[in-house]
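There are two complexes below, and they share chain A, which is joined by chain B in the first and by chain C in the second.
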Partner chain A sequence: MQKIIRWIVLISLVVVALAPILPQFVWSFSHRWLFPSLLPSEWSLEPWEYAFSTSSRVGEAFISSMAIGIVVSLLSIIVGLPASRALALYDFRGKSVIEWLLMVPIIVPGIVATMGIHQVFIRLRLTDTFIGVCLVHLIPCIPYMVLVMSSVFANYGTDLEDTARTLGAGPVSVFRYVTLPGILPGLLVSTMFTFLISWGQYITTVLIGGGSIITLPMVLFPFIAGTNYSNAASISLIFVAPAILVLIFTSRQLGRESAVMGGFGKL
Partner chain B sequence: MRFLTLMEKLRVPLMIFPAVALICVLFFGGLTVGLGQSLGYFPAIGSYNLTFQYYSDVLTDSTFFESLWLTFRLALLSTVSSSVLAIGIAMVLRQSFKGSRFFTFMFQLSIPIPHLVAAAGIVLLVSQSGLTARIAYALGLINVPRDFPVMVFDRPGIAIQLTYLWKEVPFIGVVVLAVLQGVGPQYEEIARTLGANAWQRFRYVLLPLIMPGVLSTSIIVFAYVFSSYEIPLLLGVRYPTTLPVLAFKNYQDPDLSLRPQAMAMSIILTVIAVLLLVIYKRLAKYAVNS
Partner chain C sequence: MTTVVLRDLTRRFGNVTAVDRLNLEIASGELVAFLGPSGCGKTTTLRMITGLLLPISGDVLFDGKSMITVPTEKRGAVMVFQKHLLFPTMNVGQNVGFGLRMQGVEKKEMNRRVSEILELVKLPGFENRRAHELSGGQQQRVALARALVVRPKVLLLDEPLANLDANLRLEMRELIRSIQREMGISSVFVTHDQEEAVMLADRIALMFDGVLQQYDVPQAFYQKPLSTRVAHFFRNDNALAGTRRGDVVETALGTLRVDAARVQQPDGQVLVTVRPEDVRLNPEAGSPNCIQAKVLLVVYMGTHTQLQLDVGGHTWLVHSDADFQARVGETIPIELPASRLWLLPAN
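The block that comes next holds the complex of A and B.
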């Protein structure tokens, strides 16, 4: 009995997981696909030709999405890593205030802050710029980085670092050979999350990028809104590909019993 | 020597400063500007006098309350149903069986997929001429698309909910799984030897262990749906729409005098979100302790 329930759950899990994605493959090769046919009546490569044409701006958008995602992830690591280590391993006055400060953007809707910062950026001439978009993406990204990494650091003993230091290792080699390997699985997952948060941003990019910075969600949006599903499907699949690649690299860390995902439980 | 102790003292401040500074400037700075503008401080249109006019404008508008109710309902339903489903699936996936790695991967599949792509997929699936409707036709259940229930551009917002469910169940589930895998079998075995049945073992042994994880992930999900923009814009009715959509519409209006109203709306949204979360945390603490 229990086995039957398990298999029903598992099979529906696979069906539900794939149902919104697989049909998009078929849509991306369809020219005419009217109700009630279960398969397109006319097939075509047009949606893909369109996606790869320069007039669709998909390639350009892919590059800027990727560049923004990478810059935002790197910046999140640079500012987030020391902060999460301090929060996890040191006790200091005002610690709970700092924790609260860094977590608030996850909980409080970012809409006011985004509209407010838009006004500031107009004055600083940061609207319509690459760096302006990166900065606004940092608002949701830094808190997630700190949330996950402080949990990783809390589970990580510093004994090994002390030993290395006693043996004469300098700060750089301690970080390179001791700290980094210790936190690497967690760092991979948190970097994946920050990259994907930036990768999926829509309204913040529209507002701050002002149409000068075009990212993939901005190219995709009008096709969904305009119910042009063939073109929407080919662009969707281009948009999804890096995300799936990232998951393949981090799936084991996500599934494992670890402080990494547990970090989300410590908000 | 003195230099060293100074460095020791400065170590923690130096480590936290960059992150705190960025968040303070970008998030709290933005919040402050927004708050100022909602109170009428808007130099760009030559308005410096502080007033509650925009708040009373918003609070006397029935559109605002309809949007607020819709936003709240969507967030609450998505959060509760995602949490329940996530716990259920995690309970199945935690057992070890052949192929569990494959099924866990399939479960995680939607986590990295952008919300927009999920929305497109859900429309293709559940619209009146979508794949489900076509399968229903093939099975002889319906004759024309009209016979299929309306799930996109509908007032209840079923497609919106489905999109969030598809995205957020795995997110909560993966966190629950991580906790469950850390628990190990010993607790349950003790409970079993003490005569606890399956339901009691779940309710009194496992649930208290996974509850903290479920609580904080459900807060993340609630806050996310509460401030979401593109999904309700794409899949929902024009009126009433969610508060973020309404606020951004006012904000981007060429008529700059609507901006303070947009700010007032989002400040109210923010205050309500924070209040709800405080109440939720209190209730949750109470529920866990009793």
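The block that comes next holds the complex of A and C.
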């Protein structure tokens, strides 16, 4: 019974996630596709040739999106891991205030926060820089990482770490042999999703990057705003590829009850 | 071989005093039970012995040396937890070998000692099993082996039998006792089950609300409880108010003789008590310490019959032979043997 439910969940997830991509796929190989024809009247590889050409800047944008995503993920881990552990396992003064503050970036629209930060970043000369963009991406990414990982830590508890300590393991060994292997599945999943949040940022990148930092969404948007659906389709397929890979990779986690998914409930 | 001394050990959580000025000594090789209802501070005390939790004041001494500034991993006090027993990412061999690996024991020597200890806990050849493939009882034994293999100075067990079913509990109890004796490790286990404490421990430390009530051999909790609360925890609520004068106690039901060498309460207001199984029914005529009691209830329990009696306004429980006959409402003579009579402080 549980197995059946798991398959239903998995299949519906795949359908919901993949169905909208199907027309995109057709668009990306079309030259002319007018209503009401079911399939394009003229097929073409042009949209893909364009996407891979230097003039489209897709390759360049892909690399910088990737670099920003990796740096943001690493920074989120460095900041978020200790914080989520503390929030999950310790009681301290002001804990509920911090938990509330973590929700703020989810409640307040990113554009509002980013405009305020813009002023500060100008003074700090962080606008138009790679690191400035990375820092502004942390605003939606860190709360995500902390909320998911605190759920993972709470689920893992401290008994095993305490056991290891009484058996003679120092703090470094406890982390290496007991804590890290225990939280690793959760950490992998939340890191991939953190990467995707950064990957999908548009407004924050435009405001802080000021056009100097070109990411994939910035290359994609003009085509969606315009009318060249074919080029938009090929680029958006490149854009969505990491998300599909993550979905396939984490579908095991999504299909079953796990602490990682518990963390989503908090979002 | 290590003696453990707890001196004025105190721990607070916020405004709650979890452990209050605890003093006790665990002799080398002794098996001590920390007994009490949940929340009485027994697990907190255990954690303070390991150093996982630091006391607000007081000291923990191993062989006379203060451990307060020694971090957990250097104390040599190994704790076996109630839940989350094994490292889930390691197999049985890696689990058991963990402590030795931390000590930097050479691999060959480690494997030898791991297989030796697995044999001792009756799981020979289990090295390559995964933790989740084992039953609850097997996991418990692996956790015990993992603790024992490092030859700890002190072994601490937090409710080691709580999650096991009745049969396994019996088996595990015997295993713990025999290994502990064999290896001579000073050990403490926490339990809320007085029967378990009595059967397993050399000495019992009974705690209520963070305060040590009595620390003694198991027999003492039956024969010589220090307070009505202790007596109650060991299922003795029999009490009769009186005034002690030398080797007699004057009560509303007459004068009772006491063994002055045995009882410890000074002259004055006291409560007289005799355990349910020590009260004599059908005393011979002319026996001393006979009083009249009214039968309130008779319950046949299979191995014995339990009577509820009204003794001078107090309700007493008395165990009799299984075939004892009595009618509810009738008044019967009962004997409180001087050799079994104990005095509690009046409160």
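Some observations on this one:
Everything below uses one rule, namely that the second predicted complex is superposed on the first by the 246 of 267 C-alpha atoms of A that agree within 3 Å, B and C clash if a C-alpha of one lies under 4 Å from a C-alpha of the other, contacts with A are read in each partner's own complex, and residues count from 1 in each chain.
Basically, a contact is a pair of C-beta atoms (placed from the backbone, for glycine too) under 8 Å apart; a residue touches a chain by one contact, two chains touch by 3 or more.
Values in this document were obtained by computation on a predicted structure and should not be read as measured data.
Superposition of the two complexes onto chain A shows chain B and chain C fitting side by side, with no clash. In the superposition on chain A, contact of A:Asp159 is made with chain C only, not with chain B.
With chain A as the common frame, chain A serves as the apex of an angle whose CA-centre rays point to chain B and chain C; its value is 90 degrees, to a multiple of 10. Judged by the touch definition given at the top, the superposed model places A:Leu101 against chain B, while chain C stays out of reach.
Once the two complexes are laid over each other on the shared chain, residue contacts for A:Gly182 go to chain C alone; chain B is not touched. In the superposition on chain A, no contact is made by A:Gly209 with either chain B or chain C. When the two complexes are superposed, the chain touching more residues of chain A, out of chain B and chain C, is B. When the two complexes are overlaid on their common chain A, residue A:Phe239 makes contact with chain B while staying clear of chain C. Once the two complexes are laid over each other on the shared chain, residue contacts for A:Gly132 go to neither chain B nor chain C.
Taking all C-alpha atoms of chain B against all those of chain C in the superposed arrangement, the shortest distance found is 5 Å.
No residue of chain A lies at the contact with chain B in one complex and also at the contact with chain C in the other.
Residues of chain A touching chain C in their complex: 157, 159-160, 162-170, 173, 177-178, 181-182. Only residues 11-12, 14-16, 18-20, 22-24, 26-35, 37, 44, 88-89, 92, 95, 97, 101, 103-125, 129, 131, 133-135, 137-138, 145, 166, 171, 174-175, 177-179, 181-182, 212-217, 219-220, 223, 226-227, 229-230, 233-234, 244, 247-248, 251-252, 262-263, 266-267, 269-270, 273-274, 277 of chain B touch chain A when the two sit together in their complex.
Put simply, chain A touches chain B in their complex at residues 5-6, 9-10, 13-14, 16-21, 23-24, 27, 34-38, 78-80, 82-83, 85-87, 90, 92, 98, 101-102, 104-120, 135-136, 138-139, 142-143, 146, 192, 196, 199-200, 202-203, 207, 217, 220-221, 224-225, 229, 232-233, 236, 239-240, 243-244, 246-247, 251, 254-258, 260-262, 264-267.
Note for the complex: chain C touches chain A at residues 50, 52, 71-81, 83-84, 87-89, 98-99, 102-103, 143, 146-147, 150, 156.
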